[in-house]
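Naming follows writing order (A, B, C and D), and every chain is counted from residue 1.
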């Protein structure tokens, strides 16, 4: 049953991406990408990734949509028909997909407890995280402690983006007039 | 939307609940899904809601730009500062074990402050980005 | 204290960035930037000396032992690259004060220095890390700050250049994430040294080969390997002068280091060069870069853009060294990485001096500039000689080694092509000489003064280094030999 | 989740990656390109997370009712990837807003048409 639901969700996700590619009304594109993110979040729940699902819903369907809408507000809402036939982009995209097919076909079998990712490194997190950090959510333990440095980097990325947007969008009326 | 009384009242209530929920997400991250990043997003969303209902200027008086810009930096400093504290107490960088006499308690303490740092920066950046986009839009409308 | 240098040299600029945002004042942030860069250079120098004897320094962040925690792993190879990045960082930080005063509004200066500190953090973090996913995170810190730095350029085309680089860079980063993911699924670990020990058991898996392919393409987008270089000319041309100098000297170089590390220390030379024909592909693309990008450079109407295309060609010489896949080839590549960084950094700093005085560096604007800005112009000429590879300059040393590496393999044609492509460099350098010295200056140009003493002095430090390292190769060649040795030994 | 569903997940992941990459490269509208870029980035999520799932396992949060937990490490990595993705999007959109103000359009072809071949004359921003 769970598999059927996940399959249906995945099919809808694929349909949403096609709709995004085809649709020229940018408002519709933004809403579709929000729907896509919600579907993704639901699939992630089915895959036990509850923290990721929560974040994807808040970020993909929430923040991203708000940002896209406010940027859209500042520009024309309709996409122009492309002038040239997009053969090269299609070739690049399909080649990438081909490499992915090639690369994923002989991955370890699904849900094989002997697969490398289940047998190596992760067992310590699952078995020891509570004893070593006193945190019941293993994802939090890995995120904030074992791999806390990645999270510092991630916070720095957010910081970089924030300061970068300030640098790009803060009005400098006097300065700009003086230069004009 | 400043003239709709119903919206204004409901929004005020909602914002209270949202902040409460954010606190839950922040501190429940040890036991269930959640953590600094998600909580920061929710806090920012509550202020965004306030700005939508009461206007950007009202939101900017509640949390001025200068304060937000400072908070953006403070969050990173808190996080990176936890790492420096580990160094000063004789451990490696980001070593939480040395933050307290009891290693597991030290871990707890480290994770608490690290998540606080994430919350502050994420909240401030999200809100600042919204302010900047929204004020840019208002000027575009005026032209 | 010294035992924490591996992490401190990355975290110091990371801490400096938020402090700068709080400080806000242009003068103070500049002082912070200079003090921080100087301290980083000191630590990088110490690490370089420490690892020279073949030692590998492992630093467990958070005191979690690898592979469960994130590890910084420093040997002669990344110490060499970090020394380069730190040295250029200090020079550019000093140079920026006068340079950006003319190009960036005063109330944005603190944002510039913040982004500069973050970019330094990202690049040093990429070089220092021993963890595959951490590599991606610091790559993104470096990338996002670079997009902003480029967009700070005066011309509106800087915005488009930054946008295009953002798209390309993010595609590249996603490729890297896919590659890391496939390698992780096969080995169960993210620690590069641990991955290296576990990869041989699964190296016949197609996923491992796909991982190698995705990582190669992703990193190649970052290092502007032909034909994935399309973002580079606009980015360098429209970025502020100080940014162009810093990026040209460091960003692509760190990406090259990452590629070498992945090939030699993680996937292993046996898989990459013997079982798969990566070396031959790399040689073909490098040759294309050397010839085509040099030829395109000749026809540019803007000097900065001309030298940007030259950078693509010069990256070709570095990747050619990797592709030859011998120890000499690797040494040649690493030494050229260093020498080209110095040369191109110096040239872009001097072009910044011209841009400051003349308002631009189009060929129509620099006619006769050699008469009014003699020191600046002469510096560019020396830099140009180093690009060509004239004996007595740093560029000669690396090209010499490249030719030797080609001959060792019995590939005379390769050696001939290296020399022949240098002839193209003569043509584009000559274009500058002709415009600067043999054209009569317009009234506007004739009224210009020589560049400010400070900027000129810093640029000439780099030019002097180009000559010094052309004559005394103990540091550059010795370091490169140690680095190549460390890479070939791998991370057991 | 069954094995068949897992296989299906891979195929959908790859399809989404192709579609996203195609939108980024082929489309000229700067906002649509960013949407495509986001989709390409999100396609990676399932590649990491689906293999971490164990049948009969549960979310990696300690509980007395369960003994098998799915692998937490991919979750941590993808959390970071999501955050990096939204940071990139915010920066990209800020650039789009500035480009729109400088050029009056967000169509790549129209922007390129406004620029003569590169030369040294700096075009002042409006």
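By definition in this document, a contact is a pair of C-beta atoms (placed from the backbone, for glycine too) under 8 Å apart; a residue touches a chain by one contact, two chains touch by 3 or more.
Since this is a predicted model, take the numbers as computed values, not measurements.
> Once every inter-chain C-beta contact is counted, which two chains account for the most?
After tallying contacts for each pair, the winner is A-D.
> With centres defined as the mean C-alpha position, give me the chain A-chain B separation in Å.
Comparing mean C-alpha positions, chain B is 21 Å from chain A.
> When the C-alpha atoms of chain B and chain C are each averaged to a single point, how far apart are the two points in Å?
Going by mean C-alpha positions, chain B sits 36 Å from chain C.
> Counting only Cα atoms for the centres, state how far chain A is from chain C in Å.
Going by mean C-alpha positions, chain A sits 30 Å from chain C.
> Hey, how far is the Cα centre of chain B from the one of chain D, in Å?
For chain B versus chain D, the centre distance works out to 24 Å.
> Where does chain D touch two or more other chains at once, residue-wise?
Residues 21, 34, 47, 51, 59, 61, 73, 77, 79-80, 83-84, 87-88, 90-91, 93-98, 124-125.
> Got the chain A residues that touch at least 2 other chains?
Within chain A, the residues that touch at least two other chains are 50-51, 55, 59, 63, 67, 70-71, 74, 100, 104, 107-108, 115, 117-118, 121-122, 125, 136-137, 139, 141, 143, 145, 147-154, 156-166, 168-169, 176, 179.
> Going by the contact rule already set, what residues in chain B reach two or more other chains?
Within chain B, the residues that touch at least two other chains are 31-33, 37, 69, 72-73, 76, 80, 83, 93-94, 96, 129, 132-133, 136.
> Classify the chain contact graph as line, ring, star, complete or other.
complete
> Name, in rising order, each residue of chain B that touches chain A in their complex.
Residues 29-35, 37-38, 41-42, 45, 48, 69, 72-73, 75-76, 79-80, 83, 93-94, 96, 104-105, 107-108, 110-111, 114-115, 117-118, 121-122, 124-126, 128-130, 132-137, 139-140 of chain B touch chain A in their complex.
> Provide the residue numbers of chain D that touch chain A in the complex, in ascending order.
Counting only chain D, the residues touching chain A are 1-10, 12-23, 25-29, 31-32, 34-36, 38-39, 42, 45-47, 49-55, 57-62, 69-80, 82-91, 93-98, 100, 105-107, 109-110, 124-126.
> Give every residue of chain D touching chain B within the complex, in rising order.
59, 61, 79, 83, 90, 93-94, 97
> Where on chain A is chain C touching in the complex?
Against chain C, chain A makes touches at 99-100, 102-108, 115-122, 124-125, 145-150, 152-154, 156-157, 159-161, 163-164, 166-168, 172, 175-176, 179.
> Can you list the chain D residues touching chain C in their complex?
21, 24, 30, 33-34, 37, 40-41, 44, 47-48, 51, 73, 77, 80-81, 84, 87-88, 91-92, 95-96, 98-99, 102-103, 111, 115, 117-125
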